[in-house]
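These notes open a run of structures that come right after.
Two complexes follow with chain A in common, the first pairing it with chain B and the second with chain C.
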Partner chain A sequence: MNGIRRILARFPLHLAVIVICLIWLTPTVGLLVSSFRHKDAVFATGWWTVFRIPMDFAQFRLDNYIQVLTAQGMGRAFLNSLTIAIPSTIIPITIAAFAGYAFAWMEFPGRQVLFVIVVGLLVVPLQMTLIPLLRLYNRVGLAGTFLGIWLAHTGYGLPFAVYLLRNFFGGLPKDLFEAAYLDGASPLTAFTRLALPLSVPSLASLGIFQFLWVWNDLLVALIYLGGTEKVAPLTLKLSAMVQSLGQDWHLLTAAAFVSMAVPMLVFFTLQRYFVRGILAGSVKG
Partner chain B sequence: MSEFLSQVFTTLLAILLGVGGVVGLFLGMEFLIGFLPQRLQPKVRPWAYIGPTLLIMGIYLVYPTLHTLYLSFLDERSQQFVGLKNYLWTLTSPEMHIAFRNNLLWIVLMTLFSVGLGLVIAVLVDRVSYESVAKSVIFLPMAISFVGASVIWRFVYAFKPANVPQIGLLNAIVTALDGQPLGWLVDTRVNNLALIAVGIWLQTGFCMVILSAGIKSIPREILEAARVDGASEWRIFWQVIVPMIGSTIAVVATTVIINALKAFDIVFVLTNGQRGTEVIANRMYKEMFSFLNFGRASAIAVILLLAIIPIMAANIRRFQAQEAIR
Partner chain C sequence: MARRMYWILLTATVVAGLLLSSCAPQTVTVTVPVEKQVTVERTVEVTVPVPTSRGVVTVLGVWGGSEFEAFAASVEPFTKETGIGMAFETSREQATVLVTRVQAGNPPDIAILPQPGLLVDLAKMGALVPLENIVDMDQLKKDYSQAWIDLGSYDGHLYGIWFKGALKSLVWYNPKAFQEKGYQVPTTWDEMIALSDRIVADGGTPWCIGLESGAASGWPGTDWIEDIMLRTAGPEVYDQWVNHEIPWTDSAVKRAWELFGQIARNEQYVWGGTTGVLSTNFGDSPRPLFDTPPGCYMHRQASFITGFFPEGVTAEDYDVFAFPSIDPQWGVPALGAGDVVVMLNDTPEARAFIQYLASPRPHEIWAARGGFISPHRGVDPNAYPDELTRKQAQILASAEVFRFDGSDLMPAAVGAGSFWTGVMDYVGGKDLDAVLQAIEKSAQDAYK
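Take a look at the complex of A and B:
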């Protein structure tokens, strides 16, 4: 009897949570369902009508995906996104790891002031940097190149990475490093053999954060890669398709899902690290 | 196919070169430092470690920021000094007034709803057994790009004339309730709200995750004590939970405000600022690329920076306070 009353009393709570979850999930489900439907079906009826006969798998097909990946060039854009995102993640984190270690455990004049500048740079809007950098890029030939965009993402990602890693390294116990130095370890050894292995979870969460940030970026790619089809990542390609294909929902939904596949995979497999990264660095601008 | 393979090869080579280059740089510097007298090494080493960071941040953040400030006082082709003309235009033109109004709307609504909903959801899911699943669902949009989210919502908002079946979810609901279908992205009464809703959908998960961590850090005994004293859940929420995570709420709200101020992707993809949906960042992009007016574009960027400076100062103060107790 008590059990039933308890369930009844908690019913509004469950209802609220489930309704909110449904509202949050439905738009994405609609996209996913539509991307597998035939062109004519997408135009004629709402995607929710597939649930009238949910076991009728004949209404689903892969045509849309085949077309966007080959004819529409999403396949190439996918490779471009990988080519952009992987170095744009590893380069800034490597550079930031050395700097973060120096800020945390080395003595040098100006240490505090320089780090306060890093904290200040965290929230500088990208917009402040676009015009001078684009001009510089045009002059030295970096516009429209992978190297150019790696360096740009490195520049924009560094303050956050240095800030986060300095705090992580700084949180390691001091005795550890003193003991290592007593045993004759060099600073480089202390860094690579002690600080880095102990920070693997932090490095992982930072890596995931930066990777998703670069993968999902539109503005930086738009500015420094411009209309160069050869190097355009998924976000750029997808936003161009919205302009050119307008109402071809069967293609747009499939293309959008191609661009979301990697982040979703990362999200579902590495969610723990992702959440950690967000918790540690909720100050990025 | 060969093109595909060559691109895969390029990708792998690029990754190897990029990563190898960076690691090699630091090992090389360490190697050179080894030749210095013992006494000098600890003095030089820190600069080798932070040198690349300072150089890159100088080139990519400090120099362009100062240069943009300078450009904002020059004419559209950056040739003649025009004083405050660009700022005057920024502050008085009708286009910019629409952008300012909309950004204000973004800031108020997105912050209110993302933080408010995030907080409510965090409190609610704290009490159910399937908390992690529910959180994943709300949090999922965080992994999706703003462009991807824009396509998802463009489909939700899709519009068809009243006499044919609606394929957009929202208009299907409206017509099922005997209403008239609405062009959500073109109707000036609702289009800004439709854009901001996408932002809220994306940001609520972020707020929820951080606020949820804050709520879990409240000692259970305090909540139990309040319940034993007969406080209602409603009172516990307002008089225990909210005050105890006040600083977390402030941090989350600050982040959302910055994002609202810089809102770009959603507007760029969904309406490109047409029909009264312009925002500051999209206008800057237009001035830069469509109108090639670098003076105005720079002035708009400076306005954005000015709006963010108080937040920057607060961040620095908060950091220094943390350092003081370390």
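Take a look at the complex of A and C:
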């Protein structure tokens, strides 16, 4: 009896969640359906028309995927994207973890001012930095190199990463660190042995954010790296499949899902970290 | 107090130093030992500077997909003969990317621009290399009509070689459908209107027009108005209009809009009514031509539209007639567009590349692959795959009165802004005087 009442009480909530999910997913479903349809069908009728005869599998084809995946230089583009995205995720998170810890737990004059400056950088549009930074890169020979784009993504990602991690570290119980210091831990030990292991969930979510941003980035790569075959990431390669007046845009439906595959993989591998209790069992009391 | 400031500054510097040194390898390996080492290895492997390395010419263009493949095929003999490779970058945001790179001092060697307006902007910035001493000018004057040479020049210098052209003054139709109903190809505007009325009386829809094109929605309408302007006011007034020497509210401009509206705003004339005109993508709009029974009978669009025709449509299914004359004294002028090759870095490789693109050979290679017409007069007409393309190429290369797409020559705020939105507003039912006044207002700012 009690159980049924609880289910009934929660019903409106569940209904709302389901409806929101459906609305949210509709465009993606449309894209997915379109990606399996033939070019002429895509142009002729809307994607929802497939549901009139959903069992007619002849209307679904793999043409778009085959064309996207077998395009020349696709493997290279995948590799380039990974070469860009992995260091561009690891470097800023590493730096931000150190910085965030220092801002949260180390006492030094000007701490607040420095932190405010870093957070203030969040509102600087990255487009403003393109020309001066590219000019600097040309001077020192970093334009068109992977190192250059790692540093650029690091810079663009740092303000948010520092902000997020400082707030997370700041939320850890003070007792924990006092206990560590009493036991003779140095700040570095407290950081590596205490703060880092506890912050795996926030590091993981930050990792996903940063990875997605770098993976989906087109502009930064286009400016600092250029779109030549040797260095072009997946986004550039895929956007180059469309012709100058937008012909062949139907290929982008399949391309979207191809480029989505890797971030999905990253998300599902890191997802279990979110589920884990953040501070489960760290302090008794 | 000052002493305190000094300490704050000192500690700030030290902290900054600590933050920097925290990315030294020793600390990094603590957090992510394995991945880190792998990526460091990669750095060494790939830091070869890609642009402007010897033996390569870097090219920035807007061509993607099969267009790029065709261009790459055109360049292949050049690479074979000279050993110079081409590193081609596709960017549909070309104007942004190019201007950023030029300002940062890192331009590509060659850029292929779809608008002469951008050529002028870059020439004004001093970013382009004059080509008079690089190509054989006497030969060039034989190969291109003066109109094309002028379009590639700025302030007395030649900066661009025209490569791919497009002819805009074309009306596409389905000859089988015309034959079936006994319709004749019109040769004057009045005949075209009479034909449209007849089609309506027969229960059909004469025109397919699609103005939707994402952020560029409205541009197909600007081509209509430009074509009409050339036929009602003549090339001189057209030039004055493009250069904003006459206002948008001028009666000549207004007349062109009204004639456009006579077709585009007539619910019975257009497939899907004005709503259909506003919301149909320009690339999808010619499709009803090939339906049975035909959804519409005529479609005014540039030569490139064949690339958008549905699969299975062959050369027998469509034909084309020139956008007819309106005022007999101005005849049938040609409106066109094209892609111009400019040079931004003066390297021996880039020079050789420009010289090669000025020769007929690459034009012929792409022509044979279809979907391409060249303004180059030296191109062998037999290179084109069919009679229709040959006819268009001939018109493009040798039209007595030729004018470039005016909206591409106007400042972007008008030609790629208020003119486009003006077309949408007008077809959507807004009063013509209000539309023209709004464009005039933006033009007064843009032409300063």
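What we mean here is this: the second predicted complex is superposed on the first by the 179 of 285 C-alpha atoms of A that agree within 3 Å, B and C clash if a C-alpha of one lies under 4 Å from a C-alpha of the other, contacts with A are read in each partner's own complex, and residues count from 1 in each chain.
To be clear about the criterion, contacts are C-beta pairs under 8 Å (C-beta built on N, C-alpha and C of every residue); 3 or more make two chains touch, one makes a residue touch a chain.
Nothing here was measured: the structure is a model prediction, and the numbers come from that model.
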Touched partner set for A:F108, first chain B, second chain C, both or neither: both
Per-residue contact with chain A, leading partner among chain C and chain B: B
Partner chain in contact with A:L196 - chain B first, chain C second, else both or neither: second
Partner chain(s) touched by A:T94 [first = chain B, second = chain C, both, neither]: both
Touching partner for A:A204 - first (chain B), second (chain C), both, neither: neither
First (chain B), second (chain C), both or neither touched by A:V231: second
Touching partner for A:T83 - first (chain B), second (chain C), both, neither: both
Partner chain(s) touched by A:F146 [first = chain B, second = chain C, both, neither]: both
Partner chain(s) touched by A:D248 [first = chain B, second = chain C, both, neither]: second
First, second, both or neither for A:I131, with chain B first and chain C second: both
Shared chain A surface residues [contacts with chain B and with chain C]: 43-44, 83, 86-87, 90-91, 94-95, 98-99, 102, 108, 114, 130-132, 146, 219, 222, 239, 242
Chain C residues within the chain A interface of the complex: 7-8, 11-12, 15, 18-19, 22-23, 27-28, 30-32, 35-36, 39, 42-43, 46-47, 49-51, 58, 60, 62-68, 87-93, 97, 100-101, 103-106, 108, 114, 213-214, 283-284, 287, 304, 307-308, 310-312
Of all residues in chain A, those that touch chain B in their complex: 10, 13-14, 16-17, 20-21, 24-28, 30-31, 34, 42-48, 75-76, 79-80, 82-83, 86-87, 90-91, 94-96, 98-99, 101-103, 106-108, 111, 114, 116, 118-133, 146, 150-152, 154-156, 158-159, 162, 170, 187-188, 212, 215-219, 222, 234-235, 238-239, 242, 249, 252-253, 255-256, 259-260, 263-264, 266-268, 271, 274-275, 278-279, 282-285
Chain A contact footprint on chain B (complex, rising order): 4, 7-8, 10-11, 14-15, 18-19, 22-23, 26, 30, 42-43, 45-47, 49-50, 52-54, 56-57, 59-65, 67-68, 71, 121, 124-125, 127-128, 134, 136-148, 150-156, 158, 165-169, 172, 201, 204, 206, 209-210, 213, 251-252, 254-255, 258, 261-262, 264-265, 268-269, 281, 284-285, 288, 294, 297-298, 300-302, 304-305, 308, 311-312, 315-316, 319-320, 326
In the complex, chain A residues that touch chain C: 39-40, 43-44, 83, 86-87, 90-91, 94-95, 97-99, 102, 108-110, 114, 130-132, 134-135, 137-138, 141, 143-147, 192, 196, 219, 222-223, 226-232, 236, 239-248, 251
